[in-house]
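Scrolling down, you'll hit the structures one after another.
Shared chain: chain A. Partners: chain B in the first complex, chain C in the second.
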Partner chain A sequence: MDRMSKGIRIGSAATALCAAATILLAGGASRADPPEAGVPALRRLTEAQYRATVGDIFGPDIKISGRFEPDLRVGGLLAAGTSAVSLTPSGAEQYEQIARGIAEQVVDNAHRDRLVGCGPSPADPEGAACAERFFQTMGLRLYRRPLTPGETGLAVAQTLASARTLHDFHAGLAVMLASMLSDLPFLFQVDRMVPDPANRSAQTLDAWSRASKLSYFLWNSTPDAELLDAARDGTLMTQAGLARQVDRLMASPRFETGVTAFFDDFLQLEGMMSLSKDSVIYPAFRSSAGPAAREQTLRTIVTLLAQENGDYRDLFTTRRVAMNRQLSPLYRLAYAPRDWSMVTLPSDDPRVGLLTQISFLALHSHEGRSSPTLRGKALREVLMCQHIPTPPANVNFTIVQDTSNPNLRTTRERLKAHLDDEECASCHKLTDPMGLTLDSFDGAGQFRAQENGVAIDTSGSLGTVKFADAAGLGQALHDDPQVPQCLAQSAWRYAVGRDALASEAPVTAALNTGFAQSGFRIRALFRQIATDRHFFAATSLAPARAVAARSLSRRAS
Partner chain B sequence: MNAKRRMGGKCPSARMQLAIVSVLAACAGMAAVPAHATPAPLAPASLSFALTNIYVPSTDDDTACRALSLSSADLFLQSLPPAERAKYEGTEKAQELRQYMGRKLGFKMVPTGHASGANGSMAQVTAAEIDALRQKYNIPKGKGVLSFLGTRFAYDSCTDPEDFLFLAKGNQPYLGKVAYGIDLDGHTGKNSFTGVDGQQGVDNELIRATGCSFATRDYGTPKVADNVITSTGSPTLVEITDVDDPMNDDDVTVHVYASANPLEITGQGKGMAWASLDVDPDPRFQTQVKGRIRNGELITDQFDLRVRLREQIVDSYREVRQARIHATIKPGESIEGGIYGYHTLASIEDGYRQSTQIGGDLTRMSCPALFKAIRSHADAFPDPKTGRNTAISSALRFRGIPAFLIKPTREAL
Partner chain C sequence: MTDFNRRAFMLRGAFAGASVSVGLPFLDYFLDNSGTAFAADFGGGRLPVRFGTWFWGCGMIPDRWNPTKQGAGYDLPPELAPLAPVQDKVSVLSGFSVSLDGKSNQPHISGNVGLRTGTPVDSWQQIVGPTLDTTIADTIGAGSFFRSLDLSADGNPRTSFSYRSGTEMNASVASPMELYQRVFGADFHDPNAAEFKPDPRIMARRSVLSAVTEERRRMLGKLGAADKARVDSYFTAIREVETKLALQLEKPPRAEACIVPQKPADQPASTDVAERQKSHKLMADLLAMALACNQTKVFNMVFSTATSDLRRAGSTTAYHQATHEELVDRTKGYQPTVDAFSTQSMQGWADFVAAMAAVREGDGTLLDNMLVLAHSEVSYAKNHDVNGIPVMLAGRAGGKVKSGIHVASHGDAISRVGLTLQQLMGVPLDSWGTGSMHTNRTISEIMT
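What follows is the complex of A and B.
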């Protein structure tokens, strides 16, 4: 360990915490009126956002190591939980440790010329000017707003104090940088309010907050220089300026990252990263299969919806899927390319659409067997935004778990026996008729025509719609209006980072309408959200008042 | 091959239109559903497999060997004066003994400065570089071999057994009456074995020469080998084309290739079925022969076969002349059988040499003794000049799993 690293380790904990607390106070003092209940003032960056942000600011070669505070899923979305999570003491410690690792790299010999670009000089022996320039530049990127003069002054003073203690300017700089990276304005998206220029009696997010909100929604990362410029010059506060930036962000290839992040959250695919299957029962499902299947689904979605601007509903009926050699054995497909590419499954292949991809099938199964109930539950909850009650604690699952029962050889037979209990049947009838259709795919998502020597009956139903196989189920979901409505509502909740408010019913209704009118194009949906003034509304009252006003107006007319 | 198939039968997987390379008709396809599932209406056009192991099989006859053949370390220990021998006796001293042997006998293992080649292949090292290494490390002129995939240059009793002839003893002949193999020469004589299936006149001098080595005795029985040996480096690929009925077809073509990719492995360490594997364009590892399937048993005509042997530190080959493949095919599940013919000494010895003393020590063999044994038991293809036999009757056993074979483009060839 060199002298500087040692110095940072010794000095940083106390110094950084002190500095962070001070800056927080400085930032808090300048904050506008607190937001009203129900609307987040703070949203913690997800791990993916944190990583992308650091990569964008400092470059992709900066390594980020450490454990992050777990995210919280609210109403099916991790994004909706970002406004509900706080920072625990142990979490703060972890963030600080990660921050120190980043800061040490930023000032090391390999990076300092590019990322710091200056140091103490004869004219500036302590490096105050250098530190000021550094924090004015980096502060804007880190806090996604300019530092106040007080904050800049504090950062410079703290850097110089640390440098004196550690006898190293860059070590002092790293101490202060680490403290900023551990600081709330970096770790959280902060909503700052200003009077709404379109309606002086209401409040809206300021331009800097708008920039953050747009960027994290559409790119899942921090605002770029052009977006920050639009915030600085005020154009982001105008509808035309806003639309221009939204179109620019969506025209960028980085929009695909934003779409990926949304669907990753919406489909709860992070579960694939730690998904394990019984290697005796499913030897082909290696530990790498889960992450690969996640990527497969996300690549498929991005290709069809973001790149080709396809109809969201077609995800359930398409025979096109992203493939690579790692997954092709699970699909029993000959696959020649050495990397990912889109393939079209043969017309007689039993797999059709998103539901027959390994990710959905394996994620919503048990470790050693399939589960029509889990799959049906996921269909209802994830794709249709319905709620299925959790089973009572005293349910006896013995019958369904015994896959070797000679008298109940298929899952359908075992579930039927299990449903003798009326209380269980009431929920299972919501899930199983859909889930059983997918039982021709085992717990690892591999096709099987039979179970224990008995042909698998894949007939099922969704409401009054009956179907014979997975293709029929996909078509039923494609045609069900709840499916795109659920997506539109989820996209709204994802964008605003919380559950929808009752007062936002008109907003989501308008999204449903717009989504349908666009032919269920995700680009149109995201654009509608990103340019909707309610997306930047300070409180829930504004739309509520608007609704009330409209109702009154209708009554009067 | 029937007319329907010639017209182009239905093969779901082959419908994928892939620009870069062509997909062999790896439909083994009816096999895509379990054996007990409803049969597909059309027979597959071809069956393709990746062989997960090829090895010299041995019976588990406990009386077949008087004792295990001695290793080079055993022989070296025996050669030491009593006082010195006492110093190195005991299993706990085995490592010390091997190091001492290496020092005493002048074994060398030096870096070449090269990384191994692509996909675990041998690095390209020039003759001039090799001569320079010999000079630098005092390795006798013309001696030593590239080893560890060309990352090392070695000189020891495996690379140059003729320099360590005092280790060429202690090999135990296989005395069992039963062995894997077939009657290669049509004669039943005093040297013939009885096959494991009761066939008379089985020719397998390779097992007689090497059947009492530690590796063959401990890992050579199929019940052990099939669980322990998985060849991952560059598996041999077998494709059976023109198949109308996987159970009975009098006219099929069997193609044997090397894979350009390592074998994919399951979570249990076994070969991954249904992986897509590239056929290596190297013509040295591409052969084809006519055959027939009767009651699910594949039997080929005679042909000269060369398969790649690329495993861990070795990038060598197996060469079997007048080879015949006998195998049981379970479409969509497995292929299992043997390669019977005359294994060339050159290919066996190349593998021994590349194993080096390190491999010899790990498998407890004495390379000089094994070289001597296989040469003395060689029973076919005499060299026209020396009259010495250059090949040895043998049986190799293999198992395979279904795979999709991806053929190289014409340009790549």
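What follows is the complex of A and C.
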């Protein structure tokens, strides 16, 4: 903070604002909040987690229809928002409706034999035994812990009462099931504490909570039977047992789903699902291009990092990218295969690395034009965990982007006006020099050599590193230690589903070290988090003040 | 028959007849068979007064929007010209401001947060109190199927300025089709249907839901401070679902003005202003019927986002970019593109008012029994000015409010608007806002 306050004293207010820009983004909105007691023990399932969970429990053919309450992004991550959100009345109504749809399918003729497996027998005309069997089996999956006797009793009694009202056993079962699907232990991951077997005076998460935490982190879904067994027999409470399960979960192909979910959140790619571009200006960019570009980026990452166990930093310099027929024209590439596959772009192709994929370029642009500022801002905020302040309220942009000015034909020329104005420059010098390097890609992410008849100058800089083009920018990011540190810090916050605590600075510092020592392998990073005792620590009494990882902010300015 | 006797007669009629089975505790209004509202002195038993907000982004050009003449028959400057057909139904409140008390002006946020919560802060996540629509909904919204209907014409459920707290945003219903299904879908009971039979499935759902919730409440036990508020919200939300189920078991009272609408044509979300006007109009018509059919008493409608998302197809410069980048035309003296978008936004507002006024209800129109607050997040968007944020009101709140007047302030705290509206809707408040936005002064000029 010393450096920052010095900045305030010596600079203009606006300059100071942007000196603060290199402070790491720790908690977004919570930055100004006073410390509060206790860390949330409840995390609402994200829409993706809910869908995967239902698919795992009841099978992939169960349709889930309805509108989910939007997730909340905190400090750059939706995962960190899961410990802040609750349920609004309209959200509860939607969840209840979705739950009803699921429950009715579970008991319908196509599914009841497999999923219910029993019907009221003549000896048990009311079906108590059948209901009890069903809820003991399904309850464990739904609540990710065994039902208490009270819960089982209630489920059976309510099933039978509803069955009487509706004159239909299965309809009664569906009503009770829908209610469980709207219930707190299903909709929220719940951290429950027990005395720490390693240290009786301390507390730690119980085995069932551990199973959920591991499973949602590594698979983005609910624990499977084997993991629940390891919770039941207590092996998850031992370091060896924990390591065994982590290794098993990471060896499964489902780990790729977990990695996908992390990067989807980290790169904020859900925005691609509703991305629209002006069809007059970008006729080649159809509305289906957004989702395809998202998938492209995620497939590329999973192939390089999860399957091939590559170096995270190489994402920024690789010429390999997942391709399909829909996207290949946007990349001006001949591509024959019917399905996705990895291709290597030719060495003279202007595209190199993640930043030149359509997802990044199009997401951080306007609907009808590119934006070096938005791209540079995303680079700093998303990939380097820095915070760029919003522009001062009273800014005259008029000269800056007058696209009809005959003397300012390219974006670079127009933006240069920003950099000549000290107040604007303090922030724009952080964003634009990187963003301008990507301006040879238009607002829909397609290559262009010229703008308004003038060749686009793609030279730029990141800090003191200068480069000539997007390949150079990729290399600069590859070489910048903040980039992998940001990833490690984000992975921690993603895993715990909240902002990092002040007391966790040593944990994130160790993750940085471990990540570097592994050669920046995502598998090593995820394994280190999943086997770290802090991941299961009882944090409910620790102060919840969010701070930046100090090792990173030291580098700032 | 004197008025008094006529009223007494009809009351008897209502109580002696079907009303016994219509769920009296839930409903605070009654109509006789001809649809005439009962007089006001029957325990609040006249046509319900509804409250709503209507938001548009990027403000206006003050010289082209603010009327100069005060009171009734105010002048309509060019950007307000679309209001001509509904001018007598719309009041303009000009010159009210958000005071920042030294806090930063977060572009397109501070003004909106200040107007809606009485305290400007840097982000919605940091708000210190709920938005005024939620306090009004808590006061008048009970007993309707929806405590509030939150709508946005931009296709994005995240576009909402209705918050109970920084982490509790009321997500929007964001398209005409979704609105139709939400209100007039499977759970809808036509209040004018001759037959009513409580659905046993709903009885079962209600009974199971309350049993499970009760058990959950009992089991949760002690919670950390960080979770307590969230769990309270969770239970409130579930309770709301239970209340809705209970309502569905009651025969809904007749609603004379209710005509169940047809399913709308699918209208894909668009940022093109002409397309936006179309989907907004479809949503306004559906909302009018949702109100007339007693499905809700409170709503929020977003026409365009803060930092307006509007544009014209084929143009590289959208409305928001134009507010900052467009040169002031020397001969005209203003930014012409910005002026056009602002005028188009006012056309949207005029369409909305007309849609509410088109529904006959009692002796007047649906709008007569409404109070709608229309506002933006800035005045002059070019420099994100939060002084003189444009505010308008429509409707007469069942006769409590004058319509068609212009009240000009010279920088008074805009929290006076919020205080006035909350008081009019019965929220027990004698002052509202914090810092220099704290006020106990209502805007008496608009009251009858």
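Structure notes:
To be clear about the criterion, the second predicted complex is superposed on the first by the 485 of 557 C-alpha atoms of A that agree within 3 Å, B and C clash if a C-alpha of one lies under 4 Å from a C-alpha of the other, contacts with A are read in each partner's own complex, and residues count from 1 in each chain.
Criterion: contacts are C-beta pairs under 8 Å (C-beta built on N, C-alpha and C of every residue); 3 or more make two chains touch, one makes a residue touch a chain.
All figures in this text were calculated on a predicted structure; none of them were measured in a lab.
By the touch criterion defined above, A:G150 reaches chain C but does not reach chain B. Taking chain A as the reference chain, the count of touched residues is higher for C when chain B and chain C are set side by side. In the superposed pair of complexes, A:R448 makes contact with chain B only, with no contact to chain C. In the superposed model, A:G234 lies in contact with neither chain B nor chain C.
By the touch criterion defined above, A:S90 lies against chain C but remains apart from chain B after alignment on the C-alpha atoms of chain A.
When the two structures are aligned on the shared chain, A:G519 is found in touch with neither chain B nor chain C. Contacts of A:V280 after superposition: both chain B and chain C are touched.
The contact surfaces that chain B and chain C form on chain A in the two complexes overlap at residues 279-280.
Partner chain C is touched in their complex by these residues of chain A: 28-30, 32-33, 36-42, 67, 69-70, 72, 74, 81, 83-93, 96, 100, 148, 150-151, 154, 158, 161-162, 165-166, 171-172, 175-176, 178-180, 182-185, 274, 276, 278-281, 366-369, 390-391, 393-398, 400-403, 540, 544. Chain B meets chain A in the complex at residues 12-16, 18, 20-24, 26, 32-34, 36-38, 264-268, 270, 272-276, 404, 406.
Looking at the complex, you find that chain C touches chain A at residues 104-107, 110, 122-123, 125-126, 146-147, 150, 155-158, 164, 166-171, 178, 200-201, 203-205, 207-209, 211-212, 215-216, 219-220, 223-227, 229-231, 233-234, 236-238, 240-241, 244, 270-271, 311, 313-318, 321, 324-328, 382-384.
Only residues 277, 279-280, 282-287, 325-326, 328-330, 332-337, 343-344, 346, 348-349, 447-450, 453, 455 of chain A touch chain B when the two sit together in their complex.
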